[in-house]
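Here it is: the structure, laid out below.
Letters A, B, C and D mark the chains as written, and numbering starts fresh at 1 in each.
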Amino acid sequence: MAKRKAAILGSSGMIGQRFAHMLHEHPFFEVEAYCASDRSEGKRLSDVWRLSDVEPDPRLTSNSIVATDIEELVREGVEVVFSGLPSDVAGPVEDKCAELGLAVFSNAASHRMEPDTPILLPEVNPDHLASVNMQKKRRKKGGFVVTNANCSVTGLALVLKPLVDSFGFEDVSVATYQALSGAGYPGVPSMDILGNVLPYIKNEEEKMTVEGRKILGKFEKGRFVDSPITISASCARVDVRDGHLEAVFIRSDKTPTPREIASALEGFKAKPQELSLPSAPETPIIVRSEPDRPQPLLDSYAGTPERARGMAATVGRIRVEKKSLRFYLLAHNTIRGGAGGSVLNAELAFKEGLT
Amino acid sequence: MAKRKAAILGSSGMIGQRFAHMLHEHPFFEVEAYCASDRSEGKRLSDVWRLSDVEPDPRLTSNSIVATDIEELVREGVEVVFSGLPSDVAGPVEDKCAELGLAVFSNAASHRMEPDTPILLPEVNPDHLASVNMQKKRRKKGGFVVTNANCSVTGLALVLKPLVDSFGFEDVSVATYQALSGAGYPGVPSMDILGNVLPYIKNEEEKMTVEGRKILGKFEKGRFVDSPITISASCARVDVRDGHLEAVFIRSDKTPTPREIASALEGFKAKPQELSLPSAPETPIIVRSEPDRPQPLLDSYAGTPERARGMAATVGRIRVEKKSLRFYLLAHNTIRGGAGGSVLNAELAFKEGLT
Amino acid sequence: MAKRKAAILGSSGMIGQRFAHMLHEHPFFEVEAYCASDRSEGKRLSDVWRLSDVEPDPRLTSNSIVATDIEELVREGVEVVFSGLPSDVAGPVEDKCAELGLAVFSNAASHRMEPDTPILLPEVNPDHLASVNMQKKRRKKGGFVVTNANCSVTGLALVLKPLVDSFGFEDVSVATYQALSGAGYPGVPSMDILGNVLPYIKNEEEKMTVEGRKILGKFEKGRFVDSPITISASCARVDVRDGHLEAVFIRSDKTPTPREIASALEGFKAKPQELSLPSAPETPIIVRSEPDRPQPLLDSYAGTPERARGMAATVGRIRVEKKSLRFYLLAHNTIRGGAGGSVLNAELAFKEGLT
Amino acid sequence: MAKRKAAILGSSGMIGQRFAHMLHEHPFFEVEAYCASDRSEGKRLSDVWRLSDVEPDPRLTSNSIVATDIEELVREGVEVVFSGLPSDVAGPVEDKCAELGLAVFSNAASHRMEPDTPILLPEVNPDHLASVNMQKKRRKKGGFVVTNANCSVTGLALVLKPLVDSFGFEDVSVATYQALSGAGYPGVPSMDILGNVLPYIKNEEEKMTVEGRKILGKFEKGRFVDSPITISASCARVDVRDGHLEAVFIRSDKTPTPREIASALEGFKAKPQELSLPSAPETPIIVRSEPDRPQPLLDSYAGTPERARGMAATVGRIRVEKKSLRFYLLAHNTIRGGAGGSVLNAELAFKEGLT
């Protein structure tokens, strides 16, 4: 199949750079345009590059950033758009793209809760993708928007999926230790976070609850039906570059053994693995047995296996008591919980013939 | 009443320095000897001073550190000992002090779980102090050991006390964001924590559970009876100097309103306040209404009112859902959760005529 | 003498907060208005407080911030203005204040290099204050602007003064390790500085050279005459909250001994000490003999003597070789190198009858 | 040529891990034994792995650490030893290896200043390698020790080499911003460095001066003749993981233009490049023209070209004034300034037929 021409919106931001990195020499998509606001026009990707954990390929980073002109993108044959726009501007721009017939894979929150738009997490709810057919009908030229979830709930939902399926858990509390890159750039002022923890991230706890129920729910007869799961979140920012760590507490009348939990997690494979999607980790959930893992610094990216590279969640310190289960999980917030999530969504849509 | 002559054991460590700071010009106690291991002998307090948040009074920090010789302390008329020894050496040394008739106020874990030794938290369980009468009998010369709790459970137990009393809560989960000073000095290597979170602190979670039940329990008919409360903890270290932040989750069939929770917390006063103990905060629990507090940097020490200075716990972000209550709490780990706790214990014992 | 009514411009910023702190219960000045841009109007000082090293007095921090209206200030009897405005807006606002007859003590760079405006550092060039008489004549209502120096050159010039006077040094190189608060708020993004050093601060090196020559120069016959000193600076930002550390290298044909250097520095006293100005440190330069001092964390504020509190520079590690002298110096950038500098300037002007 | 069997001493440390990483699948050397003290015996490399910037190949990190037994190594046919031992134990162990006939490439300071032992930096002084022939004679079985330089002086000497050759500079001052990994593990306590700078590293400044003169000097007629260059250093530790940044000041009667400086640096190639040694960077010195580079986070490792990977020094911010030249340089302290330096030394020795 021919590669689809693609554009990245918000190329100068943290998510935009991850998109550029993950789409470089991608087998399904060819990036035609690195777009951003007027402010960045004429800069090169190398001028804005802030990812210290990946090798910036000089052929990639020498690309120029252009001001966003959607009609021009369409004229140039672009069919797929990856949006790393901030949520406060993403809504109308992404709508316009979809109206013009483009397939939009968005990291922004703007469209997540719409009744015909999926929050797609291919290992968890690949069937939700069918909802875009409703969008294709309502939109003038058959375009659509697919969103990925908030960065904090992504890792949690991925890990909960096999646990809910195997053990029927419904009662989850979670405290987060979230990385700075989740706030974008310039993001968190250094004066606020050096030697400190900020026990508040605007709207984050609500998103974890609401998005979590949609993601883990069903898409039936043309509508989304929420999962009955309750997710009570307390979200905090820590002075870490990448990787959201989460302390998860589950209450349940019957609790399996740590060994059973670990098996359910490690054995989990789903559609992206069956289809061998290019960005799919071989094992979506890695379980570590050391007493002090996962750690954001060691396990978010470089520490993960070659195939995973920030696309797997890591779980450790599984502890079980009567009616109570605890563990830590870690997921890379701008890869699995950001750009990588949207790229995987686009790969699934491509394989399903939707782009 | 005449001041009691006192000695500090472990003067060169993080807790020892806090003891020195809090006992400087204390109305009840006069420090005669700053003791440490041979290694530190001859150094001055100023040579080991690492507290960046308090003014080191030159008259204080010019004091010399001496090698510990308990018999010599007794000969010099020392009656009270404050122990900031590491737990792996504290046990026998503190025992020897008590056998020689000294009143020992210890920050170490060694004696906490003994059947005639209190984990004293004067706002929570002042009646537990009576257990030392059993020690006085068994020890040759009428000395005794009083311990303060592990630094993480101190703030939690203090905040839980009025909530348990008012609302009968029994089911608590807690994720911690613990400061570096809790690991002593040299403590956590910088290579491990810069830009990282360590989701493991040896024995900490067990201590929170076990000590919490003892502290919140009763001392009746000569024995300690555990509280039925369950505390499920996940403990992590963050790159913060002082102040343990904790995300607390409480499950309960009936939940009060946030306003009722705040009132119960803010209105809480107990024995140390009644007795106006010198180190007692006017209000043991401070409730903040801002969306992003408490923060370790701003609220652990300097941000607290003059009288509190690291001795109060701060609570914020109280959120209530059906059957579920969440908040963040913060307590200074080497003051309220360390040296300050033991000083307050000694003040109570002094007032009760035990020293 | 009656206290002068004063206003603080830029009250919500890092420098503005230091002004508020230092002018609280000041013997010469009474703050009538805490001004900032419309954006902050109606907030209280407590809402913007970010100084973690000082006790925010509740009577102080409960003050409200008002939008700046200079005519209104004049009508209310304000005579003195302390400006913590960012340099890009300070120029015209400070000019307007001076034109309306106010005495302006500014931390901004806007007026520093004007031919009748002093960069005042009272220990170094108190006679430069006379230049304001030229301003008083040219300005319509007799107001004037007095600036303090850039935060990096302040500590350096203070320390160089007795060395230049005693030994005639003229050839200085300096590498800086500058704190985050120097960049204001929000200032440096955390993603840029966590685990990093930024070897560039815009215009900083030029300011150190140019301002240093003016400060250390003369004011003679109505004009400023630059010092012949050369200052070659390399300025970098490090992940430190407060306190600019500087590695100073001096070349000279004849070099004194370390003991002679230390004596010249420690013995240095000047006009602020003679006049016992309220904010003057007893000893403007503290020399430390430990091998590993000064350190920003320990020596910027809390570690300094009661009278100094961020107003003294600290020098350590004095090393002399043939024709070459090296040492480290530290000065608190928002106190001595910022708000405190301007307050000291105002105190000198008050004593000299200029306000 | 057949690969030489090699062993790594000090495998569990920061330098040892870099050795393991750089020697994995090396064309000249085959690691037979990962040695460390008894304390680490039986652990796997994966248990001690702390390098967050490189992919730990599972085939590599599954290797077991063995206790060091030099006779046993010799019996197993090991011919080459890479020593990442701490300097306080390295001396006698390395001597014993050399006496038993092994070629030792050491990162420790113990032998650096011996009269027949080179501090080898292949781009700067490849001819110094000839000095080992003197060692081979004096040592019983023809073994020898080759050292690499202190991590701070390595980058400096590499950059000074073409400048000294082209412009005859002799007067250098340097202030360093050194990374934590340079202190090994556990190294710097986090309580000392969080939000701080430590303006002192034991012996470091002396090493920069003394080793710099030996490295840049000559080896003539069987003896080392120091370079006349003077290096005045002020060394400080900053809260950075890897990469020593240095602010360099050069005094000279005549100064070239920035363009001439940049050309001399960028054009520099030497023996390792001529011989295409496997670890040699294509360009030993990278010059960056951006105003704010080099930065430790972006330029130490990942940001360097594929071939360089921590083996090149990066120079930026070249500024020239009358008689004065300034720039910043950066070099990866545990790669170029540590293990990588020794590997390059061994590659040169191998090519020269010495191993």
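For this structure, a couple of remarks:
Rule of thumb we're sticking to: a residue touches a chain if its C-beta (ideal position, glycine included) is under 8 Å from a C-beta of that chain, and two chains touch if they have at least 3 such contacts.
Quantities reported herein were computed from a predicted structural model and do not represent experimental measurements.
Taking each chain's centre as the mean of its CA atoms, B is the chain most distant from subunit D. A comparison of the A-D and A-C interfaces places the larger number of contacting C-beta pairs at A-C.
The geometric centre of subunit A is 41 Å away from that of subunit D, both derived from CA atoms. Between the CA-based centres of subunit A and subunit C the separation comes to 47 Å, rounded to the whole angstrom.
For subunit C, residues touching at least two other chains, in rising order: 50, 194-195, 239-241, 297-298.
Subunit A meets subunit D in the complex at residues 49-50, 52-56, 58, 194-195, 297-298, 302-303, 305-306. Put simply, subunit D touches subunit B in their complex at residues 14, 50, 180-181, 185-195, 239-241.
By the touch rule above, subunit B contacts subunit A in their complex via residues 173, 175, 177, 195-200, 205, 230, 232, 234, 236, 238-241, 245, 247, 249, 251, 291-298, 316-317, 319, 321, 324, 326, 328.
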